[in-house]
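Chain nomenclature is as follows: A, B and C, assigned in order of appearance, with residue numbering initiated at 1 for each chain independently.
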Amino acid sequence: MDLELKEALSRQGIFTTTLEELYNWGRRSSVWPLTFGLACCAIEMIATSMARYDLARFGAEVFRPSPRQADLMIVAGTVTKKMAPQVVRLYNQMPEPKYVIAMGACAISGGPFKQGYNVLKGIDRYIPVDVHIPGCPPRPEALMDAFITLQKKIDAQSLTGADRPRHLNAEEPSEFIVPQYGAHDLEPPKNVKLWNIITKNIPNGPGTASDNEPRKD
Amino acid sequence: MNLEKIKSDIEAAVPGCRLQIILNGSPSGQHSLLLGREHAVEIARFLRDDPELRLDYCSNVTGVDWLDSETSEKVKVKKLVDGVEQEVEEVRKTRTPGYLEAVYHLYSMEKKHGPLVLRLRPENRTDHVTLPSLTPVWRSAEFQEREIFDLYGIIFEGHPDLRRILMWDEFEDHPMRKDYVEPNDYEYEPTPHDAVLEKSKQARAIEGQR
Amino acid sequence: MEMIAPAAQELIPNNAAATGDDALLEISLGPHHPSTHGVFRMDVVLDGERVVKLKPVFGYLHRNHEKIAEGASYLASMPYTDRLDYIGSLTNNWAYALAVEKLAGIQIPERAEYIRVITAELTRLQNHASTIGFLTQEMGASGSPLMYSFREREKILDLFESLTGSRMMCNYMRFGGCRVDLPAGWLDQTRKVVADFPGFLDEFERLLEGNEILLARTQGVGVLSRELAIQAGVTGPILRASGVNYDIRKVDRYGIYDRFDFRVPLGEHGDVYDRYMVRMLEMRESLKILEQALRDIPSGPIMDTKTKIRGFRPKAGEAYGRIESPKGELGFFLISDGSPNPYRYRVRPPSLINLTVLEDMCLGSNVSDTIVIFGTIDIVLGEVDR
């Protein structure tokens, strides 16, 4: 719709909208996060939903314990290898459209515990992440900032076209590989398809190696 | 608490037991008592029930892994060099085989004294890694002995529920041992440096060979 | 109903017995569960609504703190201790600093001792306040009491932030003293918070103490006998709620706790209500200690000048140092081989060992009570799994 016409109409008291705007407005204004705390960051997540910071101002106070009713997963804390299969399974159980905020250094990359043998070096090895918040732990303000960033992202999504989001594209997967416990490590240690998308733009990163192609031998 | 007196008390109460005082060089002065495996449970019962000691509270149980170590010292030896007896300096190396260890810290809630440090050692760190469990004496050792089993691989005989506690059941290694090699998943690090740089180089070399 | 029935059948171990009265149901509470305080899991076998077996499953937050610390210098482990019991980072700092000070024989200056007591007691206040908030949440009072306790917690976190620069991960203490001196006006702010805190306790007591639902849900629930508590090495408020007078602040008199006049509240029945009350009373005693410490704090240096923080190499030897953290006995066991890194670094976690008695307390009770009993143990997963 023509933006000038829309503005002219609104000055006359006539409000117009598009289906896309309405759809995105509805979704971004009532994001229901999953009650999902892993470690230290979860306490800051709880503090964010409490009276002082009041996440309810942004329509996200309804923390749901069941993944079936949630559309935002805040990965708040260190994801260990023992916990990773459960995190991916919970993500798979969430209905589309679904979003992920990686809260804190641990969820992004393993953080201070990166050297640990049981620590997953970033949740985006297994599931796609929409917003990363650095910090150890991030302050409640940082979580709110990430939340507003996510709202902007939802607002900008188009319903049609080649760049439409994953949940509107039947060919895109909505479920991801759940790793299995192995004798020494998780099997597979990362979701190669997903990890390649993230790292392909980094020079000499693993995404540039022929990880994904069938081996010649 | 006088360790010498405790030692003689135990020796009187549990005849035939092996005991050794291990001195501690730190200013903390927490010396410990090395128990023979055969009588460990009996000794533990005595320490818990003796009306003078009443060490009814086992606070901390942990494992320690000591690798094979080599100490070298210079020794002056008389030797025949070119037919003449001379004093020559020689480096003599002594190899101490590695061992595992379980350390128990005991306190008394009734008498409010402690700690008494007990040590138990399995025969070696490869194939004879069993120790008697002290969980029947102090239940607080239950999870901590499971943890030692998980992370160090010491098998506690007589433990009611010896399973892995922190790692998953399918896991095969004992990660807190000093010679454990962790899986290399450092294929990408934004700013590699030091040890991580080496690891990422190795990983990339392996990647290149494939 | 047709949808649910087949799935429920699969969970029952013995299908043949499923139709009889003795059918058992095996469920897994966690690791993703809103009331397990993080990623804790309990494998529970139920006979109807009654718990007949309960096995805790750990390790979902095992982030290798001990292994990492054995490869790092003594100083580098200090910020990791914040992340053990992430509700009370300052007491963790103190326990680690105390163990290293024992290992190397370090004396700390007077003012630093006072600052340690003040910060540790503030930590105890905010820990107990949020524990009681979470506990009432688990009893079904969704939201409001937790909001009250987090309101108070935020006031204390503000003090921590102005002192250390961080709300939760304070990384404040060093072996030989404390990292920075108190900022201007900090003592007055703290005095104000301490003066206001009894108002919160009175409010909480007015709202909760006589509450019939709270009494029905807590009295006589999850009884822990005195003998079992000692035998299983339970420490902290749970032990004292079972009537054992064992507070490490009184027993070891570490730091300068022998200078303060305070009492150790004890319970009589060892049930959930006693544990709740012991925590409420402990907060009042902490306030007493705070008032005395804030009155007496001297001026002076905050660091022992002889201690080398960087390039710190204690003599070969070992030491076990412990303090009374809000959750129980928090101990650090260190073995030095004379190198800059500890050869063995062990955390004695109160949360893990207090869970030993979880099954004993829960057997025979309902699932809903299991959650409440679990809540009164007051665990933090960062410390359970390390």
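Everything that follows uses one rule, which is that a residue touches a chain if its C-beta (ideal position, glycine included) is under 8 Å from a C-beta of that chain, and two chains touch if they have at least 3 such contacts.
Nothing here was measured: the structure is a model prediction, and the numbers come from that model.
**Student:** If you take the mean of the Cα atoms for each chain, which one ends up farthest from subunit B?
**Tutor:** So the chain farthest away from subunit B turns out to be A.
**Student:** Whose Cα centre is nearest the centre of all Cα atoms in view?
**Tutor:** Located nearest the centre of all protein C-alpha atoms is chain C.
**Student:** Decide which interface, A-B or A-C, involves more C-beta pairs in contact, and give its chain pair.
**Tutor:** If we tally the contacting C-beta pairs, A-C comes out ahead.
**Student:** Suppose each chain is reduced to the average of its Cα coordinates; what separation in Å results between subunit B and subunit C?
**Tutor:** Going by mean C-alpha positions, subunit B sits 28 Å from subunit C.
**Student:** What whole-number Å value describes the gap between the mean CA coordinates of subunit A and subunit C?
**Tutor:** Centre separation, subunit A to subunit C: 31 Å.
**Student:** Distance-wise, how many Å sit between the C-alpha centres of subunit A and subunit B, to the nearest whole number?
**Tutor:** 44
**Student:** What parts of subunit B, by residue number, touch at least two of the other chains?
**Tutor:** Within subunit B, the residues that touch at least two other chains are 166-168, 175.
**Student:** Residues of subunit A that contact two or more other chains, please.
**Tutor:** In subunit A, 82, 117-118 touch at least two other chains.
**Student:** At least two other chains touched by the same residue of subunit C: list those residues.
**Tutor:** Each of 59, 62, 64, 67, 385 in subunit C touches at least two other chains.
**Student:** Can you check the complex and tell me which residues of subunit B touch subunit C?
**Tutor:** 24-28, 30, 56-60, 62, 64, 103, 105, 109, 112, 115, 117, 138-144, 164-168, 175-176
**Student:** Provide the residue numbers of subunit C that touch subunit A in the complex, in ascending order.
**Tutor:** The contact residues of subunit C facing subunit A are 31-34, 38-39, 59-65, 67-68, 71, 79-80, 83, 86-87, 146-147, 150-151, 153-154, 167-169, 381-382, 385.
**Student:** Give the list of subunit A residues in touch with subunit C in this complex.
**Tutor:** Residues 35-40, 42-44, 46-47, 50-52, 65, 77-78, 80, 82-83, 86, 90, 106, 112-113, 115-119, 136-137, 139 of subunit A touch subunit C in their complex.
**Student:** If you look only at subunit B, which of its residues touch subunit A in the complex?
**Tutor:** Contact set of subunit B toward subunit A: 166-173, 175, 180, 182-183, 185-188, 204, 207, 210.
**Student:** Write out the stretch or stretches of subunit A touching subunit B in their complex.
**Tutor:** That would be residues 82, 117-118, 121, 181-185, 189-190, 199, 202, 204-206, 209, 215, 217 of subunit A.
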